[in-house]
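Lettered A, B, C, D and E in written order, each chain numbered from 1.
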Amino acid sequence: MYNDKDAKKIVDIIQSYARKHSLWVVAYGTGCGAIEIPPTMTSRYDAERFGIRGSATPRQADVLLITGYLAVKTLKRVIRTYEQMQAPKFVMGFGSCTINGGMYWDSYNTINALDRYLPVDVFINGCMPRPEAVISGFIKLQQLISEGKAEGAEKYLKNLEWYRENQNKVIPNWNMPDYNW
Amino acid sequence: MREKETTLYLGPQHPGITGNMMVKLKVAGDTVVKAETHVGYLHRAFEKLMEQRTWMQSFPIVCRICVPEPDPNEENLARAVEEIEGREVPERAKYIRVMALELSRLAAYMLWMGGQSGGLGLYTAPQWSVGDRDYILDLFEELTGGRIYHMYIWAGGVRRDLPDGFKERVLKTMDYFESRLPEYDKLIFDNAIFKKRTIGIGVIDKEKALEWGVVGPPLRGCGIKHDVRIDEPYEIYDKLEFEVPTVEGGDIYARAMVRRREMEQSISMIRQVLDKMPGGPVYNKVPNPLNWYVPKGDAYVKTESARGEFGYYAVSDGSLKPRRVHVRGPAYVHGVSLLERILVGANISDVSPIMNSLGVCPPEIER
Amino acid sequence: MAFDIKGIISPFNALKQFGKTPHTVKYPYTKKEAAERYRGFHFNDLEECIGCGTCATICQNKAIDMIEIEGIETTTGDSGLRPRVDNGRCCWCALCVEVCPTGSLSLTKDYLHVTDDPDSFLWTPGVDNPDGEKIKSWVSDVEHSLLDYQRIPMRELEGKERVKSFAEVVLGYSEEEAREEAARCIGCGLCTDNCPVHMHIPEYINAIASGHYDDAVRLIYDNNPLGETCGKVCTRRCEDICAVSKRGEPIAIRWLKRFATETAANKEIIAEIVEPEILPPNGHKVAIIGAGPSGLTAAYYLAMRGFDVTIFESKAHAGGMIMYGIPKYRLPLDSIDKQVEYMKSIGVKIQYNTKVGTDITFDELHKNFEAVFVGIGFEVPYSIGIEGENAEGSIQAVNYLREINSERNIDIGDKVVVIGGGNVAIDAARVSRRFGADVTILYRRRVEDMPADWEEIEGAEDEGVHIKTQAIPLENILDENGRVKAIKYANAEMIPDPDGGRPRPKIIEGDEHVMEVTTVIGAIGQEADYSFFSEDIKEKIEIKRGRIVVNDLQQTSVPWLFAGGDISNRRADAISAVADGYRAVKGIEKYILEKS
Amino acid sequence: MEINWSSVIGIVATPVIAFIVGVLYGGAVRKITARVQNRYGPPITQNLFDIIKLYSKKTAIQHGVMQHLGPVFAITASVTSLYFIPVIKDSPYFQNFSFNGDLIFLLYMMVFGSLGMALGAGQTGNPNSAIGVSRGLSQMVGYEIPFVLALVAIMIQFKTTSLNELLAVQDHFTNWIIFQSPLAFVAGILAFLGMMHYAPFDVVIAPAEIASGPPSEFGGKYLGLMMTSGSIFAFVKLVLFVDIFLGGASDFITLIIKTFLLYMIPVLTGIVSPRFRTEQSILFFWKWPTFIGILAIIVVVLNG
Amino acid sequence: MEELKIEKEIAEEISKTFHSAEVTVKREKRVVVKLRDDLITPFLSYAKNNMNFIHLAHISCVDWLEDNKFELIYSLLNYDNKVMILAKTYIDRENPEFVSHTNYWDQAETYEREMREMYGINFKGNKRLTEFILEDWQGIPPMRRDFDTVKFSQDTFYNRPGRENAQDVRTTVTKKSGEEIPEIGKDYTVRNL
């Protein structure tokens, strides 16, 4: 009748379908791109149609939006936020700043290429990306998920040393308010 | 009995924080004993970058200083250069500038309304107001070519004239907004629970407000009539009829009501501007930006933004690039020293509403 | 607190919205078109673009690179490079569009690029979106461009005032005007390619714009010791291909050079500013025949390099054609003197009134000097080839101008006809006006075909010179004393050239006219006088169409003999002569160093 | 021993049905909320996707055994509560274990779930969770009082603590307790608002104040378990109130209509209300609902 | 002249009280006062207490690297007549130190913290000169003009490769024409923007 393989396949399909249609975004406005998130999430563009929803804490979230430039001080927190998230987790880079520094290319306090420090699944062009572009980014992410290509979390684990090396280059020390959990 | 103090970190990743900053709270039970703001998460070194760029090249970057409301920044830098250089702005450009400023004020208030009521758990209000704000962004897109970052006002005037039929579309949007305002009133400002959550919370003392350097709606919420638009009328504000609403109380609700009434004033001002707008050029060309040497001098200019007085202190040393541009955002005081003081004794549930009501906007604190 | 029944009930009003149709834009199912002015991705019209790179310069994000594109070559007036935008830097502020001098760059309504590949953000506008033309949204026309397409007008004497004296017509820029005009420059440097000397135009204009006039002078003297002369009378090919001229008036490069060089009032100040680095004498001797622009240039730079240079000049003044060919209202005498004096002060020796061939033989020169540079220019006028040409009252413009510039007067009467359409013809006409004559220029072709500068033509018209075009002189009618009393000419029509060349005039049969004149001045060109060359030299050197054939370094077929100026180039202007002189220096240096 | 097959089917089917109905109700609520907010909202099955996704998370952080047990407690509590509620009146399949003292038992059972959550959340060490838990417990104290008062009024009036007997009383819609004892209903429904944790009583999760409160540190399958239990528990509460006040339901369609309408009360209130502060919320329950509850008892006692 | 009446009165009062002060009425509602550094505190105190300039709008610093000076600018506002005074002074750039004004205005603390961080000015008397915007900053204070942010960014942060084939227009043209550009005027050429 059926074998384990088929069953696994069906489960996979269901899982990836559910993953695709339930993308919870961690509420972390890291940069100025955060200003286009409210319009995307609210009535005019209503990203909830795609199952995209804000989530208050990184533990519950699936997607980390890096909305633009990252100050070194924020990068430290973003890395921590990212590491708190549960796999499978995805990172989306918004705008020029995450690709090659954008307009802060010569600032002493912002990083230039996000994918050196975190695995990025989708980049969205723009400064800022419009809500349409943001939604397109999510659609692209959904597509990658169903194709099984959005494997940022695994990439991060596999190349952790490389990422750590890059991170350490810009972050002199990792002291942060110590939470005890 | 003294309760055990715990430390609570509000942010930088926290849904209750506005923007990207952190408030370190010492909490005894539900009451804040000590608050310490930590900023710098959005520091991009604007002032340093402006020293690396020419005056004209600075315009695309200044609007990023305050994300919800970029226009006052452009306006300030433009006026600062114009004052140093002694450049005249065409009359029509002044009208268009005021229109852009008031539209952006309206948009900023819509966003604030969403933040304020969303922070209080009224999730319908942000859905409405941020959705409606999009109509203003549509207007901006049509006028300036950009939704959020307009880069429209710059030295010598504005970049482009109004597109065809723009006036009618603005008026239509204003009509729509006016029809929506009563609904917001019913949902938010008349709401008994909203009042319960805001009246008497986050009170700023009237005397202290002056000394602490509070500006904008928080100051007017203390019943003090202080607004750059009437104190030092720039552009054509002296030709418009409007009142600066003040509300006594100094609490969140008073600040909310100031903003609520200013929205009406803004709509009326936009109507007046469109009505009175003269013809003529909109741009008094500056020299080729590659070779624009601004004479030596300095200027302190102020603009009333949605969060209060936005000041720019610009110094030119006669070269292509600014010597120094100091940006003094209203949130600089509101978000650090004022917030730290009025949070003491507040309930932790009120921290986020208080921040919202002060209009704390981290990107303009650290720039 | 009182029981706020209204406050409890009224929020429920919001539930009315339930019945309404949501205003959500169902993207991507329903598309919302970006605004008419939306600032999306770039588009570049590759044909219009001249690769000036201003977009790359203005970009505060350093997002634009100029790159080579297949199929686009570097030509004069086009660098052959095209912008490529790094969308990982761009902020779509459209500053690049606002400063594009040609208007080829624009932004489009397209804004969507979503990818998982961070290296896919390099965007070559026009190549990556060849059909972007249709969705162009943010464009910059002349009105909205940040560039200034209007030249700062040059102040000149009124036409009526001018004809009263030989005072300089052009008054020059004031400091403010000069800085304002210099500020228009975008500094692309395309112009330098068309300059025969390849002067450092963007650099010195930049120096003027920033108020560093000394630097400007230094940059000009770097490869042109006759900067002031060129600032006044240059044919300014640079302005022809100025990037700004694509949509407006070119930068007044010549007037800016004039402004800069005039800030140095005398030879001491020039020396102080330029601080020429004169190498110690190296013992090599070079002779230069003719103190014209090419000779002077060669002498100046040879002297700087430590050569022992002597110029042999047949006339009493140095300058050659710029001294004797150009009227003083264009180039005053003291200006030439200042420049020549400065050259002398750094070690250039000039023997005046020494005509090679008569006062000293060419062989002698060869014997005494290691290399000889010939820059004698074209001084022998072409004859017009009409009857009565040699009669009294018919003179040649070069001779006429030389006499006038030597402050000898020639009676020309009150009705003058000048034949020709070049600068010499215009000069002759305008000089004649200054003697009160009524002047008419007869030219075979149309005004737009005249080789003279348009400014000169306009200046002549301002001064009341009549220009009769498409008129071909036929005959000088003489009076009983053998003196010219009238000229007969025929009107012509323009016949298009079947080969695509410029149209040729053809006499309309029977349409002949006679004009009464007191003097006819011929100005249809000159040639050189090579009689001083010894026969064996004449055999060795190659002369083509009246000009000596030289290589890249102005060397003739005789290794020690160099030539420059009008006798080696066809452009026949001062700046080309300077260029020849400058090149010859390298040639001579190379020749002498290789020899020894 | 004779196996009552219909009960077995009921035992198996009830939680499944409760889950499905709860999840779909959740989706419907999101859809309705969206429409009021001028937008379309997610598909009605959205909560199901969310739950499946949470279960299929590859990693789930765990801070200790209590965190693991918390959601399990919660789901156990909600399923157990469900078993003691007659879902369909007089149906052999869905009577489950309802017995004579079940109202009292239910009261305890419903608190049990929250306590389990509290223990689990407490172990995560996140101050937000801790604050959320303390808020939840204090608020529970708030709404339990009017709720208990309402129940007491009804128990006195009908002299029973059995849901089945209460259902038996309400044989005709004029006999529904909502009409027989309106004051108790008012007190009960106000407490119900609090129980459902919709605004203005959503102090426990209050995102803008304490992230999301107790579940701050829960991710993956733990959150999935919590959402599952939440869906079931919502259904439990609805059925309970329908059974007590609205005469229960003798078939599924009635059940759906009644529970859905009842559900709309907290939902619609939630759409248009901001959140109370914790002490405001407690005070609210201690003022009017408690007063009405006491009044209901007084009325019952006086009438009785 | 009538319209600058208040401003002139203020200027007069200041110059009467502080003889060494250089007072100019810049424009409507702007009075600029240049003071010796040791007079700033008395002036601020006088303006606040006697002239009702109670609002400290901002404290700013300008780095005049060439003169080896920092310029400090204190802006005060009077709520009644809305006139703004810009009080300027110069302090030494080596080991910069100045007096803190936190006892006059609470919010001065924030400005002073920022200036300490960005320019390295030590405000004596400010008890909270802690890290403000930056975190773990090593090296010279970044807003000083001798700090090269472009170089720092290039050294520290990664620039995406793929743009190496960029050409310079000027060089391309000179390659064709054979022009050699001398090294003059590097500090103002537009190509350096």
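In this section, a residue touches a chain if its C-beta (ideal position, glycine included) is under 8 Å from a C-beta of that chain, and two chains touch if they have at least 3 such contacts.
All values reported here derive from a predicted model rather than from experimental measurement.
Student: Among all the other chains, which ones are in touch with both subunit D and subunit E?
Tutor: In this structure, the chains that contact subunit E and also subunit D are A, B, C.
Student: Which chains sit in contact with both members of the pair subunit A and subunit B?
Tutor: A chain counts here if it touches both subunit A and subunit B, which gives C, D, E.
Student: Stepping chain to touching chain, what's the minimum from subunit A to subunit E?
Tutor: Step count on the best path from subunit A to subunit E: 1.
Student: Grab the C-alpha centre of each chain and report whichever is closest to the global C-alpha centre.
Tutor: Most central by this criterion: B.
Student: Could you work out which chain's C-alpha centre is the most distant one from the centre of subunit B?
Tutor: Result for max centroid distance from subunit B is chain C.
Student: Is the C-beta contact count larger for B-C or for B-D?
Tutor: Per the contact counts, B-C leads.
Student: If we define chain centres by averaging CA atoms, which chain lands farthest from subunit A? Would you check?
Tutor: For subunit A, the chain whose C-alpha mean is farthest off is C.
Student: Could you grab the centroid distance between subunit B and subunit E? Build each centroid from C-alpha atoms only and quote it in angstrom.
Tutor: One centre to the other, that is 23 Å.
Student: In angstrom, rounded to a whole number, how far apart do the mean CA points of subunit C and subunit E lie?
Tutor: 46
Student: As a quick test, compute the distance in whole Å between the mean CA positions of subunit C and subunit D.
Tutor: Their C-alpha centroids are separated by 89 Å.
Student: Just give me the whole-number Å value for how far the CA centre of subunit A lies from that of subunit D.
Tutor: It comes to 35 Å between the two C-alpha centres.
Student: Listing for subunit A: what residues touch at least two other chains?
Tutor: Subunit A, residues with two or more chain partners: 27, 42-46, 49, 54, 56-57, 73, 99-101, 103, 105-110, 113, 127, 130, 179.
Student: In subunit C, what residues contact two or more other chains?
Tutor: 11, 14, 17, 22-24, 26, 34, 57-58, 60, 86, 88, 91-92, 118, 186-187, 206, 209-210 - these are the residues of subunit C that touch more than one other chain.
Student: Specify, in ascending order, the residues of subunit D that touch 2 or more different other chains.
Tutor: 34, 36-40, 128, 207, 211, 271-273
Student: For this entry, which pairs of chains touch?
Tutor: A-B, A-C, A-D, A-E, B-C, B-D, B-E, C-D, C-E
Student: Across the complex, what residues on subunit A touch subunit D?
Tutor: 14-15, 17-19, 21-22, 24, 27, 42-44, 46, 48-51, 53-57, 59-60, 62, 84-88, 153, 179-181
Student: Show me the residue ranges of subunit B that touch subunit A in the complex, using the header's touch definition.
Tutor: Touch list, subunit B to subunit A: 7, 9, 12-15, 19-20, 24, 40-45, 48-49, 52, 60-61, 64, 67-68, 111, 114, 126-128, 130-131, 133-134, 137, 147-149, 363.
Student: Spell out the residues on subunit C that touch subunit D in their complex, using ranges where they run on.
Tutor: Going through subunit C, the ones touching subunit D are 11-12, 14-15, 17-18, 20, 22-24, 26.
Student: Mind listing the subunit E positions that touch subunit A in their complex?
Tutor: Counting only subunit E, the residues touching subunit A are 134-136, 138, 142, 147, 149-150, 152-154, 156-160.
Student: Can you list the residues on subunit A that touch subunit B in the complex?
Tutor: Residue list for subunit A touching subunit B: 26-32, 34-36, 38-39, 42-45, 54, 56-58, 69, 71, 73-74, 77, 81, 103-104, 106-110, 127-128, 130, 177, 179.
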